[in-house]
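Two complexes are shown next, each including chain A; its partner changes from chain B in the first to chain C in the second.
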Partner chain A sequence: MEKNYWITEEPIQLQDVMDKVVRREAGAISTFTGIVREFTKGKRTLYLEYQAYIPMAEKKLAQIGQEIAEKWGNTKTAIVHRIGKLDISEIAVAIAVSTPHRKDAFEASEYAIDRIKEIVPIWKKEHWEDGTLWIGDQQETTAYKQGMPAKVQMEMKQGEKE
Partner chain B sequence: MEKNYWITEEPIQLQDVMDKVVRREAGAISTFTGIVREFTKGKRTLYLEYQAYIPMAEKKLAQIGQEIAEKWGNTKTAIVHRIGKLDISEIAVAIAVSTPHRKDAFEASEYAIDRIKEIVPIWKKEHWEDGTLWIGDQQETTAYKQGMPAKVQMEMKQGEKE
Partner chain C sequence: MKRMEGERMVEVLFFAELRDVVGKDKLTVAADGMTITELKEKWLTSYGVEKFNVAMVAINEEYAPDDTLVKAGDVIAFIPPVSGG
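Showing the complex of A and B:
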């Protein structure tokens, strides 16, 4: 089966994501790519490390695609997020949405990245010259001392038992 | 010199356009791709043919990049438009804009495609099952019986003389 929502440890090729949404009734494709930025608030990042609760993350990415289909109609969406160690300018996340007309493509693509930050269980560890920090949620309002919040670790353990 | 604004007769690779805007201070890249749609208002397109006044078109694409830099600051933009015969789902135009943060990338990318339709001298000929039509301007408010409007043909002749 074609997989349009996935987590990967490999470098992301934007073309692969776009190819998944090309179709005869589409006239517009909007993509969004999040890449590792060197400076955040004046502080230099050496590299990032991402961790995900993979089955839940892929499920949530698919949910976002479903939300987009319901909100805009006649869309096709693909989303990939990378985990592991990422260097500056490497792609962390890529989204592609195809629609018949362009306005919907832009809106849906922006909606997708906003929702990823809200609901997808992915954490990132900043590696700076003078230390590291796990950024607890993607909206960056909470910091955790370790990777995953304890709540998620418990859920993962429960998942393994099921 | 690196060329970020160009007209081509070759198939467009989105990755090439994106690669031109990746940089260490960017955290977000928005791309827009216009592809040939099979149906428009219920009418089936077999293929499209694009024609451009190339030197002026490339100049206007660069102007759009300049406008984006002035409006949003700290952006890098690349735009390519294809001419010649294009089949269904082939890329007619691709835009990439990189910015430190994502909101600017979306806005600038949407601005770029709107401006391309407004100011870049490119015309398209629709080939349907039952006929053809040159679409006179990209906002599709004017139809011409031949490719370029007479005014542009005159300007091109003047350009050749200069």
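Showing the complex of A and C:
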């Protein structure tokens, strides 16, 4: 079966991700690439190290593609995330969404990267000149309550009702 | 290890900072019939349970609440706040 959602240790080629969503009914392909930034709040990153719970991460990426299909309809999505050591300006994640019209493609690719940061078990470790730290959303913006991000909790509650 | 004991075991996976805290990527523990909360209290207190309380838990690759019962053969993963992208 064609694999549209995967974790890799190799450098990401954006064209590979795009190629997976090309189809005759699509008039737009929106791509997003997340790349390694050198400076965050004035602090210099030397390189990043990414780790993933690979089988679950690939499942959750596929779930995001499914959510996009349900929200926008007539979409085709592919997502790849790299793990291991990444240097400045290398691609960490690439997303491609094809749709008949451009607006949906823009919106869906933004949705995809937002969801990756919420539910996909992938972690980055910052390597600075003066130390290292595993970065979690908790340290950056919001803390989990009851051990789960709010959106995951919401989905579980919805699941219980169905 | 006797076969019967082996069948009551669960695999517990650690990632990111929790992997550093525990010092290994997985443990195999007897936790059949326990909740996640009980598993933590029985097997993980020596590593500092508060670190596990900010993590999500996945059972067999799906997020699950802490009151879920664990069955022998399950794979439990502690998932600290994620930072992909």
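Note that the second predicted complex is superposed on the first by the 136 of 162 C-alpha atoms of A that agree within 3 Å, B and C clash if a C-alpha of one lies under 4 Å from a C-alpha of the other, contacts with A are read in each partner's own complex, and residues count from 1 in each chain.
The definition used in the following text is that a contact is a pair of C-beta atoms (placed from the backbone, for glycine too) under 8 Å apart; a residue touches a chain by one contact, two chains touch by 3 or more.
Just so you know, these numbers come straight off a predicted model, no measurement behind them.
Colleague: Quick one: is A:Val22 in contact with chain B, with chain C, with both, or with neither? Answer first, second, both or neither.
Modeller: In the superposed model, A:Val22 contacts chain B only, not chain C.
Colleague: State whether A:Thr31 touches chain B only (first), chain C only (second), both chains, or neither.
Modeller: The answer is first: A:Thr31 touches chain B but not chain C.
Colleague: Determine, under the contact definition given at the top, whether A:Ser89 touches first (chain B), second (chain C), both, or neither.
Modeller: first
Colleague: Could you say whether A:Ile113 touches chain B, chain C, both of them, or neither, answering first, second, both or neither?
Modeller: After superposition on chain A, A:Ile113 lies in contact with both partners, chain B and chain C.
Colleague: Quick check on the output: what are the common chain A residues between the chain B footprint and the chain C footprint?
Modeller: Shared contact residues on chain A: 34, 113.
Colleague: Looking at the complex, which residues from chain C come into contact with chain A?
Modeller: 13, 15-17, 19-20, 53-58, 61-63, 65-66, 77, 79-85
Colleague: Mind listing the chain B positions that touch chain A in their complex?
Modeller: 13-15, 18, 22-40, 88-89, 98, 100, 102, 105-106, 109-110, 113
Colleague: Help me check something: in the complex, which residues belonging to chain A touch chain C?
Modeller: 34, 50-53, 55-57, 59, 81, 92-93, 113, 116-125, 134-140, 143-144, 146-149, 152, 156
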